[in-house]
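Encoded as structure tokens, the structure appears first; notes follow it.
By letter and in written order, the chains are A, B, C, D, E and F; residue numbering begins at 1 in each of them.
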Amino acid sequence: MFPGATAERGDANFVIVGAPLDASTTFEPGTRFGPRRVRHFAEPFDDYDHRTDQHVSTLGVADDGDVHAWGDVPAYLEYLEGTLRDVTWDEAVPLTIGGEHTISLAGARATEPDVFVCLDAHLDLREAYDGNRLNHACVTRRILEDEDLDVEEAIILGSRTGSEAEWERAEADDVTIVPPESVRAWLDETDVDALLGGRETYLSVDIDGADPAYAPGTGTMEPFGLEPREMRDAVRAVAPSATGFDVVEVNDRDDGQAASLAGKLLKEFVYTHAASDGPIASTR
Amino acid sequence: MFPGATAERGDANFVIVGAPLDASTTFEPGTRFGPRRVRHFAEPFDDYDHRTDQHVSTLGVADDGDVHAWGDVPAYLEYLEGTLRDVTWDEAVPLTIGGEHTISLAGARATEPDVFVCLDAHLDLREAYDGNRLNHACVTRRILEDEDLDVEEAIILGSRTGSEAEWERAEADDVTIVPPESVRAWLDETDVDALLGGRETYLSVDIDGADPAYAPGTGTMEPFGLEPREMRDAVRAVAPSATGFDVVEVNDRDDGQAASLAGKLLKEFVYTHAASDGPIASTR
Amino acid sequence: MFPGATAERGDANFVIVGAPLDASTTFEPGTRFGPRRVRHFAEPFDDYDHRTDQHVSTLGVADDGDVHAWGDVPAYLEYLEGTLRDVTWDEAVPLTIGGEHTISLAGARATEPDVFVCLDAHLDLREAYDGNRLNHACVTRRILEDEDLDVEEAIILGSRTGSEAEWERAEADDVTIVPPESVRAWLDETDVDALLGGRETYLSVDIDGADPAYAPGTGTMEPFGLEPREMRDAVRAVAPSATGFDVVEVNDRDDGQAASLAGKLLKEFVYTHAASDGPIASTR
Amino acid sequence: MFPGATAERGDANFVIVGAPLDASTTFEPGTRFGPRRVRHFAEPFDDYDHRTDQHVSTLGVADDGDVHAWGDVPAYLEYLEGTLRDVTWDEAVPLTIGGEHTISLAGARATEPDVFVCLDAHLDLREAYDGNRLNHACVTRRILEDEDLDVEEAIILGSRTGSEAEWERAEADDVTIVPPESVRAWLDETDVDALLGGRETYLSVDIDGADPAYAPGTGTMEPFGLEPREMRDAVRAVAPSATGFDVVEVNDRDDGQAASLAGKLLKEFVYTHAASDGPIASTR
Amino acid sequence: MFPGATAERGDANFVIVGAPLDASTTFEPGTRFGPRRVRHFAEPFDDYDHRTDQHVSTLGVADDGDVHAWGDVPAYLEYLEGTLRDVTWDEAVPLTIGGEHTISLAGARATEPDVFVCLDAHLDLREAYDGNRLNHACVTRRILEDEDLDVEEAIILGSRTGSEAEWERAEADDVTIVPPESVRAWLDETDVDALLGGRETYLSVDIDGADPAYAPGTGTMEPFGLEPREMRDAVRAVAPSATGFDVVEVNDRDDGQAASLAGKLLKEFVYTHAASDGPIASTR
Amino acid sequence: MFPGATAERGDANFVIVGAPLDASTTFEPGTRFGPRRVRHFAEPFDDYDHRTDQHVSTLGVADDGDVHAWGDVPAYLEYLEGTLRDVTWDEAVPLTIGGEHTISLAGARATEPDVFVCLDAHLDLREAYDGNRLNHACVTRRILEDEDLDVEEAIILGSRTGSEAEWERAEADDVTIVPPESVRAWLDETDVDALLGGRETYLSVDIDGADPAYAPGTGTMEPFGLEPREMRDAVRAVAPSATGFDVVEVNDRDDGQAASLAGKLLKEFVYTHAASDGPIASTR
């Protein structure tokens, strides 16, 4: 159980779901252990948040455990989507702990956002990778172009690498890239509430958005990344508009740095969303 | 390059192929790093074998590198089978380094053996696992029942666990199970040459056949297993009859014990097969 | 949850309780992570046991989670004892996963055995260690001399080291030491059922009884130890007489070998006790 | 021996004492290995400091080894206090290497400071933790409220988390919190000499004050922390006023980052205190 | 093979050479595994670079494998120099992956630069270390004073430690030290092209120039170091003038952070040099 | 300090000397950390030995610390020889903890034995390795053929690999090889006292003699090795005749198994030699 997730599932405002998918990781595997790592390394965190003067254990967070992953990724995503949609129907915010980034597609389908905001080292805008359209390197493209969704735009913070085709796709009107060197200024200068303008937003944190020093335990480290406070401040800026959240791509190949950061960002999301009286997905 | 594999591909008697498939590992992933681990930890081994008075570098071993793995397992196995079949057509013995055990299906299809001998902790006789018939827990069943193959029997040494259905399947006439406690006696008492009776044999070493002390770096440790000398002596007994060989399920989650053992068993196979003037698959 | 522990607590024949005490480890700490490690590395084990033709998931095993440990060891042991006594009152067998060996005192008090059988590298017969009578190096002495218990004898299998005073204590009539070199012969030659003679027995497995090769993840490795099959056969021999069981001293400082062995021995206990229709503690 | 600590104990200006207490760590244990890790990873550091033009080996640093820790924490702290007080009576500055943060209480009692300055992620202002008033999460409170001490105030740099009650305690006049985001500005804008105003000061560095990237080897990682240069500059600012120093909470669960930083900060303290002709505790 | 190094050796503009020398590392060994670590952790990097709009696989990079190291360091350096000189004679830029820093001497001798620019935590200006003039702590001194070379000056970025004698040597006219705190400003304020003024330059990246958080896998961690973006920008500034490049001192004692950063900096060098149409050494 | 090595150097019967040489390791380095690893993992061992009824702390064992290693191996061996010879002149037995196997040459020169007994995976009978006659793979040859020594024979227990030339050298009259499979029988059937016949003997334990399961932390793992009890019994058999002892080739690349075994074998040597009133080298 995630520390402080003491609410009953039926009464919850936030529901944590582990999605230990580890099917398409192209380099170092282990995202299947992400949910348990994140829960584990969140144990020493205080229940109380001084900034918002709230206790996580009083905010109605439930931990629904993991949705066991298997090899049929399309079927898994559909099943996971159902689990997460149930959360929205119960007027709660789904908080998914990956697992590989692909699971954000289920999160987006379950919450049907207008805007997809992502912290990520990679563009994830490929049409396919090794012939696989559900590879984790394609997830933002999938969300933008999903026929059952109507996502207006994707805002990718901290992105610093991609194929030539991805960078071309990124030039389209529905994609905004903020490179890591510019994220601090973007946060300082942008009225994120105004930018999102009341549109329902899904926030996805790929832990590899961080510089590898802060999150070595991830499948595809990419140097020159974000600092944790930048990630935190992005989470704080977007959380009031977000109806769904995930943190993904944590594996067990470090000394806990990646999981520790992931758990902290999840808690920041909860504190901020709760304090702002943020929205619930209107998917029905 | 595997140490000593100095032959040209075209002149080789043995061809090493890395098959870093890591798709269906159900517990701890990392078999994708098996081929490079095995090559790495074989570096300190002597080129010379005192028992057979041979140098591996003079036995005509080539290292054909890895067959890059991707997510479409049926397609991958077909491609890998082609690579290995080319080896047999060139009158060489394919030596595959996994990767997960599933790749033995490609090895068997390429060499079309009469008998499949396996060192393994698990029966691998499932019809399917999580709905996947190409899961590594099904590979011996797949080989026995493959419609393009005509395998008469499977002999599984060191097997100690399986589902109830697997144990029932194991009672059929085409399966022989030698539990780990009996392998030493079986080796002492069996005339393996006579047992195999000139039939072409494929030998597969799942490193988890070993007790976890000797091979912790594998996806599904199973205590009470084989000792390395038992595995070595089984390899020595079967190698003269074998037209194909693989060693599988090594990952990077230990201090090199599993890879070290795997590399040594591969070399034992080569020394013994070469010394015995063992057969080449007659698959044409 | 321990894999297969699918029974409801109220209906259970066996109840798993994690006891992550890590207070008096004198060398390498980490037993606090023992329960989660053991549950984790038990995941790949088959539910079915061929020898006894049973599924663990049908034997009525419940997992009651962990009893959170804190620094006041006497109070903790008392609290844990209460939890375990509840199990016996519900006519189930408590299966405790340590945590340090000290927790066996709670297990013994809860089940009130006539005989204490232990697999252990150390005598654990100290009067005190660094002035602490509840140090893990004293647990067998504590159990033998506990004023609320009436333990007739302790049988320690695999013990190979102790202080001079401990060896003197070991010469008393109520202690039997079987050194590791003699355990195989002892198992072969002893009618354990007759030896225990219907007396209620508590079985404790200190994982450091194993040779360090098989269980490096423990606080105080001691070479020249037991082999896993010897430990397994001892568990099989004692389980029919045992009304309580624990496996202790697993930490997170290896690649899973210790936890894998510990989980397997726990399952062997369950299969054997269930198959033998073993006793429940008559502590009321 | 700490590198360069070549002075005889009797002639020393600084005395290093290892205090490997590891009793109340609430999450990941291993602080017992802190002293040896810090000494080890300090080995490659140069003896010479360019900024102050000094060699550590000529500054009169002695290494008095470790004060072996045992389970009775009050007794241990008393014993350790005696060892450290002896240092002050010999007109030297005690430099303690933890071990858990609790040992700062002994350091403070031995040096009887007017001000307690601390680099720490946590407030450590709890009245008790799990009923234990000597838990490491209470140490700053203990020092502030110790009846034998007369500490006027605590200044905690980098603190970013605590319970609600701790934050309330932190509002009292005797506590100053500088959150990590403000430490750089605080250092730039504060005349620390003037702030301390000649008052005797004890400086304690809890390595978890650093962001986890810089010190993953600690018991309770807390993201969004200090950068090493901020910690260094704080040490440089306070060292001229400090009559005692410790660095605590390093464990062995990383690749040496935490110990490396800790050893460097200890050396910065020595160079700066020596160059400034800093004070000795007037505790007699 | 380094990812993307698909050119034939004879057609190459850049030639990668592994130099796994690990002879004089004074603290934590393992640089012998540097070349394979760097190649491995470069695998997930994209082939395409958005900034320069280039694919590494079209820039004519060849990977010439490793020059096997042995114990006779002078002989090894001579042999390595020959290999690298062949590269320059073929009008390509040698890119050496260490191995210990000593190998930069071979790189400098092969390219005969006017200026030696180095990212390094250490001055490496010793006359000898433990009596060894070819110790890695002497390499910049060796290059400056090599009788067969005519290096006008060394510019060392990020250097923060050395012996007293090294700091004295650093005051000579032919050495410029930019301490890590000043590197960002130096990069912002310096016209590096003008500074180098068309002189042929050799660029050496000792990975320990980075703060240990970013590169824990190196032999002698030194806190308070460079950030990766500073290192990247220095590589970008110098690459247009550089006729030789190396990245050294990566070992296998971390979770891949050091190797990941090293591989990325090597790719930055290639992209930048290619885009600037940088020079080839005129050593004939 | 090695646990229990409480004697003063001048009064000692046994003197421990660390020899952290790590110059010629051909595969995985780290033997420089052998002495500290062995001392560390010996800490949890009991001071008392039940078999011989002795306490190590009363047997007159001193720990003389480490002889710092540097790159000039011939000079280092000479210096180390002096240190060890001093021990013999003081009528004590030198116990050297390596460091690479090469250091046995210093041990042999210091004690001038008639017989060299060795536990080792490798023959170590090379004339040179990579041109280096002081490589660790040559040490037994060096000792047999040293012009200042007069060693009659070498008995190598557990040896299982070597070059063709080494095996030829092994056929000479002055070499006896007992392969690992035969060591148990050799121990059972040989009257070692009679075999050694009062000749002064040097006993060297290369930890890689053990199977890798028992000692993964060594530079060149070689499967199919000795079991710890075989090594122990060999030490017990030879110790009464031995005037010098070493244990070598332990590195820091495992979870402590190799160091734990090494420390235990060293203690077995001390207990046995002391109980037998074994000889001191008559080298004057």
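As a convention for this text, a residue touches a chain if its C-beta (ideal position, glycine included) is under 8 Å from a C-beta of that chain, and two chains touch if they have at least 3 such contacts.
Quick caveat: nothing in here was measured; it's all calculated off a predicted structure.
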Steps needed, at minimum, to go from chain A to chain D via contacts: 1
Rotational angle, Cα trace of chain A fitted to chain E, multiple of 5°: 120
Centroid-based (C-alpha) most distant chain relative to chain F: A
Gap in Å, rounded to a whole number, between the CA centres of chain C and chain B: 38
Chain centre separation (chain A, chain B; CA means) in Å: 41
For chain D paired with chain F, centre-to-centre distance based on mean C-alpha positions, whole Å: 42
Junction residues of chain F, two or more chains touched: 211, 213-214, 254-255
Touching residues on chain F, where the partner in the complex is chain B: 26-28, 161-164, 167, 181, 211-214, 216-217, 219-224, 253-255
Sites on chain B touched by chain A in the complex: 22-24, 29-30, 32, 70-72, 130-132, 135
Chain D-facing residues of chain A, complex: 41, 43-48, 50, 53, 55, 211, 213-214, 228-229, 232, 254-257, 260-261, 264
